């Protein structure tokens, strides 16, 4: 792991020092999604992504990562005074997560910042494999982002706190309100955005989550009272 | 520390580098790598041989920007063990076991300098286990998810070919072990448009 | 500045990134005091059983607990985080002494626990076998982690178990021999060592998983492959049933250092060394069905001959196993447990129907099965809220769980 870290750090540092070699003007204000630039009023940027997570073996009892990729559609809509609204829907077929929230972005030249919060409503339904189960809940994601625009790409970091608001489940005719701790955990992600071919921009991202309850694996009904590290790799198209 | 020196040296050489030809040409290339692999494990066997051959074959699509995408396969030796007169509850026996892997990966690479690329890939490793114990053959295959990260330096030898080297770190989820490989690299742009 | 930012981000992303858990082993009876005491006679142990009020130490245990003896330990089950205490015991001069540890089931918090029952708080009466005495007081202390037990903890007898609990035949079934590896109990799932401690969690029955080696030896192991969830690192990997028994025993070690048990070893241990009364012998591969039937028939007969209250049921979890079962001679005479439809339960003449808990309590269907003279177990129920609801509102004859301590608590406090 240390070798991995060294390699990663040194090369990224080198990259940023020498990026002027690749001087070419690209329009990041219109084509990036995670980079927290300011938005024109009514400007829209949307993205379509796929995320693969390495779920904790203690919960899912397998090291299979491809079981439930998360597909996501996200949209940002520019508002006056550097505000914007972001909405998204994520799904792994048996689960849907809808998020909506305001953000305030500010840019110092190539350095952008964002503060915001998202309200999440998630619901799941499973009626195969011996399940007769429905599930839904609410969560809050206060978040902060920072990003820098290099000559040929942008690099952004986004971190969230995750709070559980409410959750209930129904199995057959049995229904309960789940007891979840209010503070669920936190996440941090790093997103590299750049043109892939022509004017088509993509995002390569890694996101680390440290959560007691990770909503896509609700059907495991985890009862562990401890936070798990769940890494996600994401690939996103921007349009 | 040795790895740190290698990385610094590689980056330094590249900084002198050849100037970037930033055209609008797309290409398909094949990258062949052969070299040495070292398996790092917490398994506790004195006679475990952890050094072996590593080879990769990549086919990459290279658009005009920094990012490329492709598929990778290859062969990587992981370990072997050959112990005589091993004591067990069933009596003494000879133990032979070995493991190699074939990756089937999607790989992204990014030109971070004119001649240097960072790469990251993920997919599955097909693990092949064989050996012998108590006169019975050991033979099994398994699939593990995995990932690797690498850095490569290539030097063009003509318009469509380049040679260089690659340092590759690989992680095998099923084994929770890793390898570091150093490979000689041959790159050939076989199609441009 | 940029480089520092990148370094920090990289550090954040790539460090602290594993889910390994370390559970401390509490220091229990460091001076060896219990060695100087006399073992409690078996006939006086039930006198202590019942529901107790926690008068001091509610932070650890909540307001009430269940005190219940098992084969060799006194166990205390609480309603907080699935908390429980397991105690070894002895007496000296009409005072009863207890040393052990507490643990929360749902996380890794643990520590030492000690109690005594003074002569004038029930000690004398218990030792004299006085079953009418009902003001027993456990006075003790607990520690956190490796601390010595120094925080006060007192339990006051509140009431006996209800008649329905005492007279009922409810099965508290522990998953994988007693618990999963992910619960970090110090011993491995599906091992002899796990079966040995299962009763301390309130277990009256166990579920174990049968497979067949390449050379035809049935053994217990859950997954289809050798993997690090279940085993330590080994030089062999792959489909576990592609190896001979000698290869598995020689080269594979379970997660906490135990050897994989053969099915015979596991069932004989259960028969001879425990008071477990129900074994759910789950079938993880169709090929093991004939060998499992042969062995469970033999052990069930030995149990009858020994006067031992033990019954082993062949678990039938899937259609392919069901079909294989129906191919066996006299299959309707084999005690079996079917997880499929109630029609298939009837066709197989299974003694137990076992629906997944996620189907709900299904009380009317459960009653239909019970009217046929069959039992109904549900699996694998771990959520505390649902456990409480299923025990109080369901009609099940047993619950399979990874947390028998939680099921025990809600079962024994039931009025």
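The first chain written gets the first letter, and so on, giving A, B and C; residue counts start at 1 in each chain.
One rule holds for everything that comes next: contacts are C-beta pairs under 8 Å (C-beta built on N, C-alpha and C of every residue); 3 or more make two chains touch, one makes a residue touch a chain.
None of the values given here were measured: they were computed from a predicted structure.
**Student:** Building nodes from the protein chains and edges from chain pairs that touch, which of line, ring, star, complete or other describes the result?
**Tutor:** Drawn as a graph, the chains make a fully connected set, so complete.
**Student:** B-C versus A-C: which has more C-beta pairs touching?
**Tutor:** Most C-beta pairs in contact, of the two: A-C.
**Student:** CA centre of chain A versus CA centre of chain B: separation in Å?
**Tutor:** 30
**Student:** Which integer distance in Å separates the CA centroid of chain A from that of chain C?
**Tutor:** Each chain reduced to its C-alpha mean, chain A and chain C end up 39 Å apart.
**Student:** List the centre-to-centre spacing of chain B and chain C in whole Å, with centres computed as mean CA coordinates.
**Tutor:** Using C-alpha averages as centres, the distance is 45 Å.
**Student:** Residues of chain C that contact two or more other chains, please.
**Tutor:** Answer for chain C, listing residues that touch two or more other chains: 227-228.
**Student:** Could you list the positions in chain B whose residues touch two or more of the other chains?
**Tutor:** Residues 174 of chain B touch two or more partner chains.
**Student:** Can you tell me which residues of chain A touch two or more of the remaining chains?
**Tutor:** 4, 8, 12, 63 - these are the residues of chain A that touch more than one other chain.
**Student:** Per the contact definition, I'd like the list of chain A residues that touch chain C in the complex.
**Tutor:** Against chain C, the touching part of chain A is residues 1, 4-5, 8-9, 12-13, 16, 56-59, 61-63, 126, 130-133, 148, 155, 157, 171-174, 176-179, 188, 190, 206, 208, 210, 221, 223-226, 228-229, 231.
**Student:** Using the touch rule from the top, collect the residues of chain A that touch chain B in their complex.
**Tutor:** For chain A paired with chain B, touching residues are 3-4, 6-8, 10-12, 14-15, 18, 21-22, 24, 52, 54, 63-66, 152-153, 192, 194-198, 202, 204, 233.
**Student:** Quick one: which bits of chain C touch chain A in the complex? Just the residue numbers, please.
**Tutor:** Touch residues, chain C against chain A: 2-3, 5-7, 9-19, 21, 81, 104, 106-108, 182, 223, 227-229, 339, 355-362, 382-386, 389-390, 393, 402-403.
**Student:** Where on chain B is chain C touching in the complex?
**Tutor:** 41-43, 45, 48, 79, 81, 86, 88-90, 93, 95, 97, 99, 127, 129, 131, 133-134, 136, 138-142, 174-177
**Student:** Under the stated contact criterion, what part of chain B meets chain A in this complex?
**Tutor:** 3-4, 7-8, 11, 15, 19-20, 22, 26, 63-67, 69, 108, 110, 112-114, 116, 118, 120, 122, 144-145, 149, 151, 167, 169, 173-174, 180
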